[in-house]
Amino acid sequence: MQMERRSARRVLYDRVLRGLLYFSAFLTCALLVVLIGYIFYRGLPNVTWELLSTEPSVLRDVIGILPNIINTLALIFGTLLIVLPLGVGAAIYLNEYARSRRMVEIIEFATETLTGIPSILFGLVGMLFFCQVLGWGSSIRAGILTLVIMILPTIVRTTQESLKTVPASYREAALGLGSGKWRMVRTVVIPSSIDGIVTGCILSIGRIVGESAALLFTAGSASILVGNLSDLLGNSGGSLTVALYMYSMERGKIEVGFAIAAILMVLTLLINLAAKWLGKKLKK
Amino acid sequence: MDARPIIAARDLNLWYGAAQALYSVDMDIPEKQVTALIGPSGCGKSTFLKTLDRMNDLVPGIKITGSVQYRGTEIYDSKVDVTWLRKQIGMVFQKPNPFPMSIYDNIAYGPRTHGVRSKSRLDDVVEKSLRGAAIWDEVKDRLKKSALSLSGGQQQRVCIARALAVEPDILLMDEATSALDPISTSKIEDLIADLKKDYTIVIVTHNMQQATRVSDKCAFFLLGRLIEFGDTTELFSVPRDKRTEDYITGRFG
Amino acid sequence: GCGAPAATQSPSQSPAGSPAGGSAALTGKVVTNGSTSMEKVIGALIEQFKTVQPGVTVTYDPTGSGTGVEAAKNGTADIGLASRALKDAEKDGGLTETVIAKDGIAIVVNPANGVEDLTVEQIARIARGEIANWSEVGGGDAEIAFIGREAGSGTRGAFEEITETADVCVYSQELTSTGAVVTAVATTPGAIGYVSLSSVDDTVKALKVAGVAPSEATVLDGTYAIQRPFVFATKTDEPLSEAAQAFYDFAMDSANAELYAAAGVVPAAN
Amino acid sequence: MTTNTPQAAQANSPLVKKRGLRELLERGMNVLFFLCGLVAVAFVLFITVYLIISGLPAIQEIGLKDFLFGTKWASTAKEPEFGILPFILTSVYGTAGAMFFGVPIGFLTAVFLAKLAHPRVAAVIRTAVDLLAGIPSVVYGLIGMTVLVPAIRVAFGLSSGATLFAAMIVLAVMILPSIISVSETALKAVPKEYEEASLALGATEIETYFRVSVPAASSGIAAAVVLGIGRAIGEAMAIMMVAGNVPNMPSLFKSVRFLTTAIASEMSYASYGSLQRNALFSIALVLFLFIMLINVLLNTLLKRKKNK
Amino acid sequence: MDARPIIAARDLNLWYGAAQALYSVDMDIPEKQVTALIGPSGCGKSTFLKTLDRMNDLVPGIKITGSVQYRGTEIYDSKVDVTWLRKQIGMVFQKPNPFPMSIYDNIAYGPRTHGVRSKSRLDDVVEKSLRGAAIWDEVKDRLKKSALSLSGGQQQRVCIARALAVEPDILLMDEATSALDPISTSKIEDLIADLKKDYTIVIVTHNMQQATRVSDKCAFFLLGRLIEFGDTTELFSVPRDKRTEDYITGRFG
């Protein structure tokens, strides 16, 4: 007996779409490879120890990004220090304490809304409130507080997700032993969801490192070394990403821009790997 | 029946939202004996058990009327300290649920919760409880290992030890052996026989043989109602209620 | 110049003749904020000042002239920096302007461009879009891309005022900073733009204006037509802090003229 | 919880609460966590209220119609004009353009990852996509400015390559990761039974994916697109570096200014209390309203998916 | 047995990775009759069924040796167009799996896939198939409604109609009634009896009664081996193999 073949039209449909699928996937990958390759190609030769370890100087005509590295660290630590208790607390409220469905919905709606707001609007409101109304001027502390608002949903979401994976039986056991709710949360629930909290931190660090619009308006863009913590927090200070923007836009130093971009890429890579690794651990 | 029940439930009704799960239950649980709750799935055994140490408090939309007295004190009185009540009335669950900590920390969790800080006292409590749960010899060399590394039967005995460590008065066990293999099950049945010297024990079980083996009193539930309650031997040999007879002879459920 | 008044006196008189930094060691913090064009000048001043007054931290935030003036007014900055003369409204609002330097605005083109010299009138017509091809001003046949700064920039304000093109410029790009203009001109063959003279580097070519090449000397003697002042804006009726006053005096000290030269601008103090 | 036993006070019973401190701690922690939860709500209210308060005065002064539909923006002219129609249209066109390039590629890549790719290949590409998502936006701007803009100038014979088109491409690349990962999740959630049924009817794999899996995942894919729109409309720094920033009415090869870049580029220069500055806040308000609209749309889409 | 089998499997072996799931199966499936596959869970019934329309091709790591001929053509020949084969051999699954589209689009899916574009022809096919699956009257007024809005039994008949719409030669049904209520089940059994006039049908079932009710031939599988194959009445009344007997009398499985 004769086995028919598919019509030419169906064969074509199949081939064309299959081709498009492969092409798109290839394009996506090629895009990444070319982007990274280009950044490293132009940036890495300019990453020198001097760049990493000095303060920029007009008189000596040198450029260094040490202050920006310090500023970035200050922003990361400062933000996490505030946002972690807040975000984890909010997640714990949502998952462990909240009794009213309505309240949960309102808070979740709020966090979702915060997720969608573009960073330039955070920058604007941060500038209006922290820099002007509170009179702090451009300062790292204004940047930190703005970032706190921005990052909060990330922490809440990841923490909530991992709280959900803590088996109810742990909670029952703790309560059954006469433990109070807070003690149960502190000794059993939080330790069991620590992976998720850490993942949230890593994602947040990625966000902070990559942020520019919100920080430019609130933390400013200065690149000077300061002696003590209160000066560090109270002064204007640009993060690495802001410095990238300033050097390539304001100063026309494209090479420095690429050098910082290369550094940022390495950081992004590390952050992604760390988040993946933890994510895997979390699943277990 | 015995002189003075350690727990007395009177006209206990319970609703999950609109659905009633317990209907006017009256029961006197005698001290230092084993009381078994039996009945088909969904009849309200677990629900009743949980009302005894107010674990139901956590369920949203629950409503309870009637009275439950523990040693003469109304436990649903708003002045009652739930954590204290739960210290008095320990609970062991169907699935072994040790905390993801070391065996030692699992046992010490309760005492620490109730304020014991001294290392030497904790050591004593841990050893005593693990001995009490007949698992000391199996784990004494690896107290610092994670409790999750134990087998299911061992985990369940660790959970029992954890419950004993807070020196409860009553021990509630909700199908505590149904997730275990026969050997572990018989170990825990032996343990129950042993424990009733010092504790009042209430168990839920699906296993009629188990109920006859370990319990002194037996309560048969059906559709949220307590159908029959009495000495286990009597209930199984001369059930007063037709439905009890049908159930224990395997005619339904 | 563009009608900027000469340097006014410091609002609170400094001890006569005392060279900046010569007084006792100070401590404290001086906040400056404003013009992005002044970055190099301020950078140089701050660095040198640190060597004479190590106890004082001077910060600079390049936010733009408008913000700088505002910061001075509401007190978030000790000294506001503007790359243009203060507006009357700003002065009436309680600010005093001090010109610290003059800056030429260089007209820059791509190095590949054959044109060397334009008159102010030609520049104005290019800005207005009336001249759209380089061949009309003696160059090759290429479309002109006129690249400028965003509204509110001190540089743009001065350029449009001198060329009398306010509100009528037809820009191909409006970039938010001096560096961006340099980069855009450097990468676009048909481009022409204006930037602070201090920012001109070898990636772009600065044109002569009416035969005069922009330089420190031609800016100083006024023969280079397109120039504007760099200004310190301070509160009129509130004295500067001791540290800020020291910095102010330091910036005005003619002994520090070479700092300005290093930054490519002309000090006002001499 | 109710109890209908009006018991006499059991003052001597050991059950009666005596641990005031512990009870206090419990209550305290409850309140504390509740406050943490409220913080998010407070932030949203704060931002909303702030944007409205600061955005309204200029709109009142300029007039809503002139503001929204005015075609000329000349904020520092002697007779200033504050029409933001060019910005609104640019944002809309730019986003549409980004979708035009980004959605097909993102969507097809997602289908490839979810259905066709060998698991190991898929894992590699997924890592690449995540990485793409993690690259800071200014890095995209930097490359756009140094590579894309000159390339566009040469390719299309323009005098300057800083155009709406350049911004579209940059935005398309930037939204790619969110489109890919959200669509992929939706596609993977399609029950295998649907695909089996289609194959058993004699459809090829490709036919099955496009005629059964994709329609079944359509609301998730729609959510991915809406998410992309939100991202694109809110992006500022990257497009500021490539779009040229002239407040022209949008056209593919003209220099343009978006809602976001309009705010970013003039904010530093506008003097305090001036109409110019207030008008910038009004732009922010308009942008905010756009975003809220998109969020609502996104939520309904995601909810619908959940309810299915 | 009948003159010419429509499907003939010879020495069919199948491995999922390293695990062998079918061992040297020989079977001749007669045309226009109902063949039932029975056997305990995991014995390879579904696996065998899927080899007949090459649905196993999708499983990674699968290995097949031996021969399966459909009307004399070797279906594992690399020249065979799988989509064509699957058009000839329709399949209905255990869980009703209508596409999340309208009833009409569900039925029209197959014809459209195979190139039918004309609206009037599609209308005809849809009606004919739905009538063939005995569900036309129940759905004719809501063809544009989502197929997911139907009851389980209706969904399953829509799936059968969908399979019929491509005009197959053979219909494979893998426990097609096991997810359904008794009424829906009997409707589908009636349908099968009806369909065998035009189609060759192979069903997998766990339900011995069902096998006797609907099938002409019956095959008993055990641990991947075809133990016995013959007329249903014979196999159930005088099983030749001890294991078959044990199974059909309910002694294991």
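Per-chain residue numbering starts at 1, and chain names A, B, C, D and E are given in the order in which the chains are listed.
The definition used in the following text is that contacts are C-beta pairs under 8 Å (C-beta built on N, C-alpha and C of every residue); 3 or more make two chains touch, one makes a residue touch a chain.
Worth saying up front: this structure is predicted, and the values here are computed from it rather than measured.
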{"item": "Angle of rotation relating chain B to chain E [CA atoms, steps of 5 degrees]", "value": "175"}
{"item": "A-B or C-D - the one linked by more C-beta pairs in contact", "value": "C-D"}
{"item": "Interchain centroid distance [CA atoms averaged], chain C/chain E, Å", "value": "84"}
{"item": "Intercentroid distance (Cα basis), chain C paired with chain A, Å", "value": "37"}
{"item": "Chain B and chain D: spacing of chain centres that average the CA atoms, whole Å", "value": "53"}
{"item": "Averaged-CA centre spacing for the pair chain E and chain D, given as whole angstrom", "value": "48"}
{"item": "Overlap residues in chain E, where contacts from two or more other chains coincide", "value": "83-85, 113"}
{"item": "Sites on chain A at which at least two other chains make contact", "value": "6, 10, 180, 248-249, 254"}
{"item": "Junction residues of chain D, two or more chains touched", "value": "22, 145-146, 204, 207, 241, 264, 267"}
{"item": "Contacting residues of chain B [partner chain A, same complex]", "value": "53, 55, 58, 60, 83-87, 90-91, 93, 95, 97-101, 109-110, 113-114, 159, 162-163, 166"}
{"item": "In the complex, chain A residues that touch chain D", "value": "6, 10, 13-14, 17-18, 20-25, 27-29, 31-33, 35-36, 38-39, 85-90, 92-94, 96-98, 103, 106-107, 109-114, 116-122, 124-125, 127-129, 149, 152-153, 156, 180-182, 185, 206, 209-213, 216-217, 241, 244-245, 248-249, 254, 257-258, 261, 264-265, 268-269, 271-272, 276"}
{"item": "Contact footprint of chain D on chain C as seen in their complex", "value": "63-67, 69-70, 73-74, 90, 142-145, 147, 150-153, 157, 166-167, 171-176, 180, 183-184, 187-188, 190-191"}
{"item": "Contacting residues of chain E [partner chain A, same complex]", "value": "71-73, 79-81, 83-85, 113, 115"}
{"item": "List of chain A residues in touch with chain C within their complex", "value": "56-59, 131-132, 135-138, 220-222, 224, 226-227, 231, 235-236, 246-254"}
